[in-house]
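Here the chain labels run A, B, C, D, E and F in written order, and each chain numbers its own residues starting at 1.
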Amino acid sequence: MRLSIVNPNSTRSMTDAIALAARQAAARGTEILAYQNDAGPVSIEGHVDGVLAVPGLLHALSIAERDGADAHIIACFDDTGLEAARSVLTGPVIGIGEAAARMASLVARRFGVITTLAVSVPILEDNLVRAGLASLCTGVRASELPVLALEDDPKAADARISDEIAKAISEDGAEAIVLGCAGMAAFAERLSERHGVPVVEGVSAAVKLMEGAVSLGLKTSKRGGYARPRPKERGFAEPESAPIAEAGS
Amino acid sequence: MRLSIVNPNSTRSMTDAIALAARQAAARGTEILAYQNDAGPVSIEGHVDGVLAVPGLLHALSIAERDGADAHIIACFDDTGLEAARSVLTGPVIGIGEAAARMASLVARRFGVITTLAVSVPILEDNLVRAGLASLCTGVRASELPVLALEDDPKAADARISDEIAKAISEDGAEAIVLGCAGMAAFAERLSERHGVPVVEGVSAAVKLMEGAVSLGLKTSKRGGYARPRPKERGFAEPESAPIAEAGS
Amino acid sequence: MRLSIVNPNSTRSMTDAIALAARQAAARGTEILAYQNDAGPVSIEGHVDGVLAVPGLLHALSIAERDGADAHIIACFDDTGLEAARSVLTGPVIGIGEAAARMASLVARRFGVITTLAVSVPILEDNLVRAGLASLCTGVRASELPVLALEDDPKAADARISDEIAKAISEDGAEAIVLGCAGMAAFAERLSERHGVPVVEGVSAAVKLMEGAVSLGLKTSKRGGYARPRPKERGFAEPESAPIAEAGS
Amino acid sequence: MRLSIVNPNSTRSMTDAIALAARQAAARGTEILAYQNDAGPVSIEGHVDGVLAVPGLLHALSIAERDGADAHIIACFDDTGLEAARSVLTGPVIGIGEAAARMASLVARRFGVITTLAVSVPILEDNLVRAGLASLCTGVRASELPVLALEDDPKAADARISDEIAKAISEDGAEAIVLGCAGMAAFAERLSERHGVPVVEGVSAAVKLMEGAVSLGLKTSKRGGYARPRPKERGFAEPESAPIAEAGS
Amino acid sequence: MRLSIVNPNSTRSMTDAIALAARQAAARGTEILAYQNDAGPVSIEGHVDGVLAVPGLLHALSIAERDGADAHIIACFDDTGLEAARSVLTGPVIGIGEAAARMASLVARRFGVITTLAVSVPILEDNLVRAGLASLCTGVRASELPVLALEDDPKAADARISDEIAKAISEDGAEAIVLGCAGMAAFAERLSERHGVPVVEGVSAAVKLMEGAVSLGLKTSKRGGYARPRPKERGFAEPESAPIAEAGS
Amino acid sequence: MRLSIVNPNSTRSMTDAIALAARQAAARGTEILAYQNDAGPVSIEGHVDGVLAVPGLLHALSIAERDGADAHIIACFDDTGLEAARSVLTGPVIGIGEAAARMASLVARRFGVITTLAVSVPILEDNLVRAGLASLCTGVRASELPVLALEDDPKAADARISDEIAKAISEDGAEAIVLGCAGMAAFAERLSERHGVPVVEGVSAAVKLMEGAVSLGLKTSKRGGYARPRPKERGFAEPESAPIAEAGS
């Protein structure tokens, strides 16, 4: 099967890291098509970055569908544009935020979320409410590391995140941890060993959930919440810089 | 004071109707600056229309702020882009959906919402949850009238909406009605008389709430949920077709 | 238009302060009719004060309606008697507690409340639940200043309230502050500047919401929750000491 | 032990019926002190009746405490003045509405409530939320029988209530029924047999809960929600017509 | 009347203590039939102990019914097997956890729970949600005393529990305390005096609630949630070691 | 990898059907170990069947772990014994009820559940609340087909289920359907085509989720809710009739 994964921001190093993480998680026989939204912000931190990324993201997803992707992953922990994407696409779609939380809920009664900046906390809280996951979450903590700092000084980032995990466990009662940023993927296994609880990273969680949904033959329901948009003039020009399709698995 | 009102869709007749409704509602001394998002869909029905309208909407709002608007109204019942708008603007911002619901809650214990298409129902439900208004709402009913049909055959539209209001009152227990579309403004007073309950229309409700907030000297909090976005490259070109600034009140 | 504001307690200095705050907030053309419930307690702190104030409060409101008031404000942060008042009066009615919280929700995703005594906290919490505002509130904090102490030593009161605001912001995540007592009106602007978040005071918020509701032609719904009481013998003698009607604006 | 039961309205035939029901429910050794609030409305239907009954009700309860009552029952299904009563009294206090719902929750997963008039529905709904019982209730249905009609034509009343019980079971999924008016006590047993589900009546339920609480030596907590009011001038004259103390069991 | 009380674990000293507490709480005329589940774990701490105790517990309860018990008490704070017991028995059934929480809610607006081990906290939290009591609970605190340690060193246990009560009151806002283990019964009165709030113990609370329910003639509803199981082969052998019926009161 | 699937009831034809469905869903390289609880009821309908099945179920699961299973599936839609199983096992565990609901939530905003008997509805409702999925569910409908009738007359069963699906969609607003019984697996694809919405069956959903969790290296958290039970005497004899291990995939 083919899964598309779209980085809604325009930072190439993140796209590469995301594509790598997705391919490492993919089962034999799953081809990962990775895309980058060159018409988006360099990182997504807060509401404004999010909404400005969506038009390019939807464009990239429509290319992915034309390229034969059976299901789709939005590689931003804010699940940017998830509902619009579910409305236009036929195959299942998930964001890495919802994916990580759903996976964590399989192995712990309550999970905590560690994200980058405080500005993302309300977005993640609202997403958890909408996805029916809020009652399972012990809280969203911000490490106050900007997304791109994760790449610049991974050692300091690791220490900062580890600190917040310790607090989520001891103060909030978290029994598992969801790492709330695509850039945190590389840290998961080590952090799990250090803290003795499951640590779930979103890209790999999303790959597994989409592989499962495709295997079951599921497609996004077009009744109600994700009904296909009616044809109309949308006054929306295709973004000039075409998203980049990376080579397959 | 100056209030801006932005029609996030590109249909001129709706912009005119919205501007008129806003000016009729405005207090003496309130100047209404009306804008239209020419880079948006012809109407906003569902998630996809909504997200595609936001970049142009934010652009129009930034022009409104430069034009001296003290507060801002997003003239779409879906409250499209409300949170992003609150993050970038200094003055208070409201959408006509949230405005109508908040006003209705002042004169009734429970209100019902009548909107256009079923595709909007989940969006409105999620907005009510996020705004803390869900427990006051007896339900969102769809008249299944497309937004633009309201203009085409107002008589049939009036009958259809009146039917849904009757059901909202008798079956759902609504004590007041919120009209869930900018295009329904002209119907409010007549429907209120016919059904014997308050009928609240969003444009006028929004004007009153923003006049009140500006009088109190309130500005949008920049701590937490609506923190100002950090400066960065957002790869987002200004929409080609500039929003239209209409003449003042 | 004419707005009535009723101080449900019998302390004249508070009535004067409330009337002054209301007149300062009122738009040109809004006449403020201020009343005092001489048949009530000297201050309202807890359930017992509240219920004993209601008969006199309702009496004062009925005089206000006869005096031509288009809408009504209950000047107690507990929103004492709000639902009974909505049942007997034709025009819109609001309490300053609900008013401040609704206004704060326009300029912040989450607000905190600072009230006087711990005995009021459960009352305010229950009111927020009933008004559908609980999910937007980060918590109600008590300054442990009795209502009348606000007048006696305003400097100490200011310091005490400022302390609680700081905690509401840093510990609870409040993005705006609601000042939970009529007597705190004079502090709002200074506190907002000091703490860098919107600080909303209830009297002025209520004036603006009632001006808006009257402008929109709204009246309290008489279906369901606020249905007019059936005529019957209520065995309730008019309070001996007539409420005092103050001169208009 | 001694239990007081206060009819907050001034209709003697109801007081007599309530006293009788309480005495029939009381254990050997429990003395029932029955009081009537002559300073209240002839019946309590809606918010206004409720708030006007409270001062006289509190007065009657204070006499009951002086008369040696160990615990107290407010014999109105709206639980009128319950929180104020808990604040002033030392012994436990319950209203017959909360009592019936708590008893029903011991013998059914979900219960339905049948009350008299629609105007009481919102009050009962709010009480259930406050008491943490809302999630166990399948709905509050109004028989549209005024309180005093229960006495005038008991046969028609029985038929009307029986109809609503049938609907509560078949349409709402009620597994037990709470009879939502003091005047319905005589109907309970017959209705239970007819419908094959437990039917709980509030006066007897309240007697049992208060007997239990007194046996356990419990007194109302004076920390937090029901703290004793501070001494102050309350400008509240004792009602002229003294409540009537009936002879004990 | 006859009440059965079943200790779902196999520790005789606990059965004796439970029977004693029940008999001390019982009214004159109430006979207590005490049973012990010899086919269960020595103590119930967590999910596994709970589910392994249920078959023997149900067996003991069926014997109790044959012995003429009118109502039944499950003497484990986890309310182990409560719903299955309600399905098979005709008379009312309660667990001591639900009983204590319901009694506490009669004398305080919010109660806190002190239990033994952290492993019980999620079970108690889920029970409170299911019983509609979660919104009244300020939190469940674990003393980290294993159930049997309560007997081994009562003085240390008392100190440890007292510490947690102090925190529940000062940090969580508890206004009453529910003691979350059958073994804590002996501590209740002393702790109430020390901390100045009601302290409710489950065995005595359960006795009072079941006495009340039996007096009212209530039986468990067999519609919906607690419908009687259909006859079928259940492949379940009676436990070899018969539960022990103790002598009556 | 190896997944165990345990039929908690003793009906061999159901075990065979479940094992077949699991093997059809399994990825290449996934071995399915199927077990039957011979010490359980012939079918699980309601609380009593559920609790009596658990000891044998836990025994079967412990054998599965010894047999090298990496993750485990409880093949009863009630998720019987799920929390106890998570406490004793190292690998991830899921019930087919939670699995189907979580999968449905990936492809629809709201799903409806169709189960067999009304007696299961409260159990499923409570499970959805505990799993944080209740807000996504439009309702649980009972087809009133006993579990074993599904095998006896599949044609009538199909018609009955199809009827309820139609109502769930048109009356409740379901956008996807969860088939609430292991025996319904064979119906899913045909029903999805007929009704035009995703229809999710639990056995296959569980296989995919467990494959995903094992691939990610996740194990059940042993902090908090699912902590491993302390060693102790549990008085619980191994069931006499050993569970049957079926041949692998």
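FYI, a contact is a pair of C-beta atoms (placed from the backbone, for glycine too) under 8 Å apart; a residue touches a chain by one contact, two chains touch by 3 or more.
A quick note: this is a predicted structure, and the numbers were derived from the prediction, not measured.
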So which chain is the furthest away from subunit A, centre to centre on CA atoms? D
If you line up contacts by residue number, which pair in A-B, A-F or B-C shares over half of them with E-F? Let me know. A-B
Could you tell me the distance, in whole angstrom, between the mean C-alpha positions of subunit D and subunit E? 28
Geometric centre distance via CA averages, subunit D-subunit C, whole Å: 30
Between subunit C and subunit F, what is the gap in Å from one C-alpha centre to the other? 54
Shared-contact residues (touching 2 or more other chains) in subunit B: 109-110, 122, 224-226
Touching residues on subunit E, where the partner in the complex is subunit D: 25, 27-29, 92, 94, 102-103, 105-110, 131-136, 169, 173, 175-176, 189, 196-198, 200, 204-205, 208-209, 211-213, 215-226
Interfacial residue positions of subunit C with respect to subunit D in the complex: 10, 38-43, 45-52, 54-56, 58, 81, 83-84, 86-88, 118-119, 121-122, 126, 129-130, 146, 224-227, 229-230, 232-237, 240-241
